[in-house]
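Below are two complexes that have chain A in common, paired first with chain B and then with chain C.
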Partner chain A sequence: MSASDVVVRNGLVFWRGWRASFFLSVLSPVMFLSAMGLGLGSLVDEGQSFGGVTYLQFFATGILASSAMQSGVFSATYPVLSKIMWQRNYEAMLASPLSVRDILFGELGWGALTLTQLSVPFFVVMSIMGIFDSWTAVATIPVVILVGLSCAAPVFAFTATLQTDEAYTWIFRFIVTPLFLLSGTFFPIQELPAWGQVVAHATPLFHGVELVRQLTIYDIEPSALWHLGYLLALLGIGVTLGLRNLEKRLMA
Partner chain B sequence: MAAEVATARDQPVSVHRALKLVRRNLLAYKHFWIAFVSGFFEPFFYLVAVGFGVGQFIDDVSFVGAQIEYATFLAPGLLAASTLNGAIFDGFFTPFFKLNWMKTYDGIVTTPVSIPDIAVGEVVWATIRGTIYGTGFLAVMLSLGLIHSPWALLGIPAVMLSAGALSAGAMILTGFTKQISSLEKVMTLIVFPLFLFSGTFFPVSLYPRVLQPVVQATPLYHAATLLRSLTTGEVSPATLGHVAYLAGMLILAGAIAIRLMRRRLVS
Partner chain C sequence: MEQAGTALVVARGLTKAFGSLVAVDAVDFEVRRGEVFGFLGPNGAGKTSTMRMIGCTSPRSGGSLSVMGMDPAAQAAEIKARLGVVPQIDNLDIELTVRENLEMYARYFDVPKGVAGDRIDELLDFVQLSERAKDKVEPLSGGMKRRLTIARALVNEPSLLLLDEPTTGLDPQARHLVWDRLYRLKQRGVTLVITTHYMDEAEQLCDRLVVMDKAKIVAEGSPRDLINQYSTREVLELRLSDEQRENLKTSLDGLAERVEWLPDRVLLYTEGGEATLSKLTDSGVNAESALVRRAGLEDVFLTITGRSLIE
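What follows is the complex of A and B.
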């Protein structure tokens, strides 16, 4: 009995709705890419503003990272709170030989699988559209999974302290949406005012977007290590806090 | 008794009774004021990021013969899109849960409130909310210098009309759906494509010629173009065509929604 059992359990629940859900999860990014990258992008005067790549390339790589953030954050909100206090699945799991640690790592493992399921088709579509310039692009899939998990883990820790789901409205409206729009996904953060750039540098999505772009359309620079380090550190902090909070919540 | 209930629920719509439902929603909504207030911000963030952020790299865009700045082009499109989102929320999501999960309507039809009252009440409620949001967003546009004509004053009734037509359309979806998985399908297959491809973010002229009539057939295209004509002052007889489309949709979709709701609630 271990974390892998939690992964298997979630997989069984997921399996029923899989086909429809898979189709839909591929369709949305494709539509978004066509509308923004091709439609809006055809209006954009590219020049050198986007580091010598087309707006479609710039935008698509940003969206790859940010859809991982959105999926990661979502997976740590309602589904987890539901298993803590509405359906109380975790209580049932703890009555088995599973530990709190198994639950958390199981959920993250499952998160990694859903992120793979999201990013691989997206990656294939982007390759077909000729967006990638470099063979290092294959490394983006694990990076994208890391981005999703780094965003999910701290939110998981936060969810473990919640009594109602009200806070999620705030998280999505005032954290996830602004991050999605302003972390360098739609336009380079150099266009932001100075304070905005400082804020952007502190957000995980900015680091994820930069890392993805270095691997796919720009040259890899030493700063890649710093971006990677930031995401790993955030994941570490999130997991540590998550374990502590979930332990407190379920063992109380 | 059963006969009385049956006659009450089949009564044609009464304004007085429909407003009872609006009051009920207002009372129920008091607890969710955070969701209400935060709804203002979503289109604002998009305006900042796409209109001003990406807009810096975009030359003027042509709209019915005039050349306008990209942010001026985008803002009324986002206004229309936020009206769509509100209509889906109030005309589809919430009624979906009331119909299928909480069985709220099953309780309501045992009172003198009839099925048409329910459908009309929900559309009125959605229209009120949409108008409040729309007016707020028009004020934001004014303060950012994105309104270029006094015609924009008619933007408020235009938002009301759009909200009414779109939420009546959303009620049709409520009448059709039973499964929770339908929510995701409706979002991905209907709402999201409308949001992206209705001439909200870029002009219809950029589409391949064969697709242009498809775009021009969508309700959001008419709402966006109507609002854009008013805020830019590019008003022409064609503007009335958009009004007629939306008014026709409101009546037709409303009638269909009442029929569908009756089928769902009486069985």
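What follows is the complex of A and C.
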């Protein structure tokens, strides 16, 4: 499999700094969950209920999906643009028998591994803290990977069209951060005005958050299929556009 | 396998257009097995576009192209498996070490691990980088990076090596080292295709070349044949004062077969440079400086296009 060569290349680079990455991926959930979940939660829980769960449970599951989105989006920005136009790794790869398809699938395959590396420690910390007790919670890990890749693929397609990195500031400021704040991570979207709820339903993170919560702290409902379908469709569209745009960019 | 002298690359009416801009305009050429074939021309002549079409990273817009008997549009992976490419701008993996660059590339080419190890040792030795094997790429000099890129392009033992301006930007010493390595590859029977806008590079390395200008091939042959065909044997280069330039505007014509007025000097194309110079001195002209040299590809280009190669 030629796409695996791309994964191996990224793995070799990653391997040098794995201690720092691993440390961060364990430290960040511990920090987030204790500061926000426990600290803020102790105040919030006084007067609010979150569908029969504590604020810590509500928040932790939301933040897991949000981290996947952020990691996925970031992985498709600077690192990819660099390989397209600054370090020109893709040009070098294309001079070998590797194809544009191998590059895109290789990067997504590597993305899946980094998302695993991010979500497994998070998952372990959460289960130690007793945030969920449902056996379906195990399915969260593939779902979290899907959330990350569904967000990464369209951004990858966008990156393939860029000549500078200026647009990323806008993406993070006006897309990623609002999604992070308004997709039900910190509070139920029912608190939003009606139009805000409509917008939330259109965003991938909302579907990811809902899916993760159904698998961990709430009951699984038929709507899970709709959430899953949305994320798969977004991934499909992102991959299709990504292949087309990267081909246009590198094989002119 | 191809036999000696057969064509490794055949292009007929090969065309590349980017929208309304025609970068390569219906060119015909053949690269024969075992030769060093050159594309000589100024920047923007269409050399790189042609190379990228051969290298299967740019689909052609028209005409036909066969590389090692295969069609780049249909069998890109098979062709690329047997090509080596040295791009104009270095694209080494700066996050890896020198040796890892070669190891990773060997993996892209599915070179078996056992074979790759020995081959990489040999290649590092060949490009004189064995000492730097464990170093990162970034601190290497320009010449070293270029040599590493050449080693990387050889990791799959290619039948055909494409080099796009292999020595542009290198200092003279580094250039000579690269030329020496390329010459050794030629002796080993590797077919080389190079683009260059350096005359001396083309003359030193190429068995045969085509001169490209404005997307077209304007001349073809061995460096010596081209010089014989388009130039006299010698050239007398004069530097004249502004006053002399004005006074001599027409009177130089009879002294040489052809006179070329460049902004900084005047070129007199003649079979005997010294003789022409003494005639000139006898007629009372004392140039600020005068130099007799053998004609080269620069003169061929000037004759065909009326312009210098590097402006």
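What we mean here is this: the second predicted complex is superposed on the first by the 245 of 252 C-alpha atoms of A that agree within 3 Å, B and C clash if a C-alpha of one lies under 4 Å from a C-alpha of the other, contacts with A are read in each partner's own complex, and residues count from 1 in each chain.
The criterion applied here is as follows: a contact is a pair of C-beta atoms (placed from the backbone, for glycine too) under 8 Å apart; a residue touches a chain by one contact, two chains touch by 3 or more.
Model, not experiment: these values are computed from the prediction.
Between chain B and chain C, B touches the greater number of residues of chain A. Contacts of A:43 after superposition on the shared chain: chain B is touched, whereas chain C is not. By the touch criterion stated above, A:28 is placed in contact with chain B alone, chain C being left untouched.
Looking at the shared chain after the overlay, A:138 reaches neither chain B nor chain C. By the touch criterion stated above, A:170 is placed in contact with chain B alone, chain C being left untouched. Of the two partner chains placed by the overlay, neither chain B nor chain C lies in contact with A:198. Within the superposed three-chain model, A:232 lies out of touch with both chain B and chain C [touch as defined at top].
On chain A, the patch touched by chain B and the patch touched by chain C do not overlap at any residue.
Across the complex, chain A is touched by residues 18, 55, 57-59, 76-78, 80-81, 83, 85, 87, 89, 91-96, 100, 104-105, 107-110, 152-153, 156 of chain C. Chain contact summary for the complex, chain A toward chain C: residues 2, 5, 8-9, 12-13, 87-89, 91-99, 250-252. Residue ranges on chain A touching chain B, taken from their complex, read 17, 20-21, 24, 27-28, 31-32, 34-36, 39-40, 42-47, 49, 55, 166, 169-170, 173-174, 177-178, 181-182, 186-187, 191-192.
The residues of chain B lying in touch with chain A in their complex are 34-35, 38-39, 41-42, 45-46, 48-50, 53-54, 56-59, 61, 70, 181, 184-185, 188-189, 192-193, 196-197, 201-202, 206-207.
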